[in-house]
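Please find the structures below.
In the two assemblies presented below, subunit A is common to both, partnered first by subunit B and then by subunit C.
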Partner chain A sequence: LGACRVSMSMTEVRAGFTAIKANIQSRDPIRTLSILSHPHSLHKVKSSDRCCITHQLFTFYVDKVFKHCRTEDSFVNRKISSIANSFLSARRKLGQCHEQNKCVCGEESTEKFKQILANYEGLNVTSAAMKSLGELDILLDWMEKSR
Partner chain B sequence: SGELNCSLPSPRNVHFESINMKNVLHWSAPEGTGNGVLYKVKYTVYGVGKWIRKPECRNINRTWCDLSSETSDYEEQYYASVKAFLNGTCSDWMETTRFNPLTDTKIDPPMVSVSSTDRSISIILTAPEKWKRSPEEESISLLQVYPGLQYNVSVLNKKTKKRWFFSISNNTLVVPWLEPGTAYCVSAQIHVTTPLLDSDFSKEHCITTLKDK
Partner chain C sequence: GDVLLPAPQSISILSTNMKHFLTWSPVIVQGATVRYSVEFQGEYEREYANGSWIPISECSLTTATVCNITEDISATVAYKLRVRAELGATRSPWGTTKGFFSRAMTSLTPPVLRVVADGHHVLVELADMGPSFQFHVLYWKKGQESRVQQKVVKEVSSVVHLDTMEAGAEYCVKARAHVEAINRSSSFSPTQCVRAQGDTSVWL
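Coming up: the complex of A and B.
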């Protein structure tokens, strides 16, 4: 992510999400709203803003998503907490980069993240969190493509 | 269709079958219905507000519909839905799960070409291309779609039955120190680490090294 080096096992996070994707997405009946991809697509983010957007999104998932996604299924819950742990350690590293000015937030990423929060706050917390979790592959696809 | 009575059972197992991002919607006929059932299809881009009908798949009696063109942007995700009609009755719409072309496609094996000297064989691998609307359209290799794409290559000495495996990121491999005048068979597979996607192994390409000079 530019000057900021963050290591996270994408393969593990991917595998964890793939294992629960159908379960989580089936809990989200809303087709007409996306938290991450509309109206602005992550794929349109400038490379200079990538680190900041990633940091903001990891903070978003840690603070606003994972904790509101408990299910009645212990297998799903275990996978969610495993993904959350990966995000937690990556977020910590991103935070350090931010403090060292290696992860500067431009206007575009601030605007983009505002839109994501607005999408999130347009739903009740549990629906918003479950929808966000169901969109994790959108975030992972974008991160892998722009590695 | 508001005036129709929608008591017909719904189409079953509505799902995308995707190979190299050629994305075809498939389904099974409603339970207990024989011939004569007609279908119509719609799809939507996830996160965008409207469902779009597919005119070429309106009042069709087959149980598939090619939506490759409509789902060709692999930075988006999609839902599709099918409705059945029979003798003046209809079914409810039956939807797919959320379809992500990037992670939900199957990849064909690579093309393999092999040449040899007396003591080595050279292997050139070509990743398949992403589905495209027409031959004139610009080709996109799946290598461009999946930056982490690798090849797993198997080389078998037909005489000794000894087999080697190689994992390479670029598309050429030279296998040295082989026996002259011996048949070797090569097969290769595409491996994408994340998202995790593996093609089948290609069929074997056999070649005999030249006799000793």
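Coming up: the complex of A and C.
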């Protein structure tokens, strides 16, 4: 992510998400809306803003999303915990980069993140959290493509 | 009357090569089969989910006194584990690990390898240590210890070709395991050397 080097085992996070993706997405009744991709895809974010939007999105998932995704299914809860703790670990390193000015936020990433928050707050919290979790592969695809 | 069950004691985590096991001492009740249930808590649960605990279903109501927690210790953060005894409807208090456990604390053993001289080629075969592992293989011509070469092996699916040997020369190899997720390596394996077959054939 530019000057900021963060090692997160994408394989582990991807495997954890793939194991629960169908279950999570089945809990999202509103398929016509997107939290991460509306109105513009993450792929439109400039490379210079990539680190900052990643940091903001990890903070978004840690602070707002995972806690509202607890289910009655122990297997799903364990995988969500695995992803949440991986995001927490990576977010810490991104935060260190941010403090060292290696993860600067430009206007574009700030605007993009505002839009994501607006999409999120446009739904009730549980639907918004489940939808956001169900869209995790959008984030993972974008992160892997922009490595 | 109802049996008073004590919390399991001597709770500890054994972790080698990124495989993590929780163990504890059995709770003895004469003539009865005591069962145990295990739960874990990551840093996320402590900091953002009201200190919640998550049950490990494979170790719910188990009679064993060991639980494979590898699948759940899947991020490089600090975890806590707890276990309680159960006998019918009676449950003991939780016994919780003292301090935290992070997978970065796992002990790493040197890889097992087999070096083969196949004609003029030095080949190395590495025993699989699991998905988290890659290997740093060092190799050099005996007597030229200052000209060590390194090859990073990310998958151990097949034999790895290291070098083409000069006839009659001896080549030495050693390797260590590396885990990217915790950014740590094992110590090196013992060095193994092989000699290339002398080239006795003469071209006429």
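We adopt the following convention: the second predicted complex is superposed on the first by the 147 of 147 C-alpha atoms of A that agree within 3 Å, B and C clash if a C-alpha of one lies under 4 Å from a C-alpha of the other, contacts with A are read in each partner's own complex, and residues count from 1 in each chain.
The criterion applied here is as follows: a contact is a pair of C-beta atoms (placed from the backbone, for glycine too) under 8 Å apart; a residue touches a chain by one contact, two chains touch by 3 or more.
These numbers come from a predicted model, not from an experiment.
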Which superposed partner A:34 touches (first subunit B, second subunit C, both, neither):
first
So in the superposed three-chain picture, is A:25 touching just subunit B, just subunit C, both, or none of them (first/second/both/neither)?
first
With both complexes superposed on chain A, which partner does A:11 reach: first (subunit B), second (subunit C), both or neither?
both
Who does A:85 touch here: subunit B (first), subunit C (second), both, or neither?
second
One more residue to check, A:140. First (subunit B), second (subunit C), both or neither?
first
Taking the superposition on A as described, I'd like to know which of subunit B and subunit C A:127 touches: first, second, both or neither.
neither
Mind working out whether A:63 is in touch with subunit B, subunit C, both or neither, as first, second, both or neither?
second
Common ground on subunit A, meaning residues reached by subunit C in one complex and by subunit B in the other
11
In the complex, go through subunit A and note every residue touching subunit B.
10-11, 14-15, 18, 22, 25-26, 31-34, 37-38, 41, 43, 134, 137-138, 140-141, 144-145, 147
Of all residues in subunit A, which touch subunit C in the complex?
7, 9, 11-12, 16, 62-63, 66-67, 70, 74-75, 77-78, 81-82, 84-89
Interface residues, subunit B side, partner subunit A - complex:
44, 46-50, 75-77, 79, 97-98, 100, 102-103, 147-148, 193-196
Quick one: in the complex, what on subunit C touches subunit A?
40, 42-45, 47-49, 52, 54-57, 71-72, 74-77, 131-132, 180-181, 183
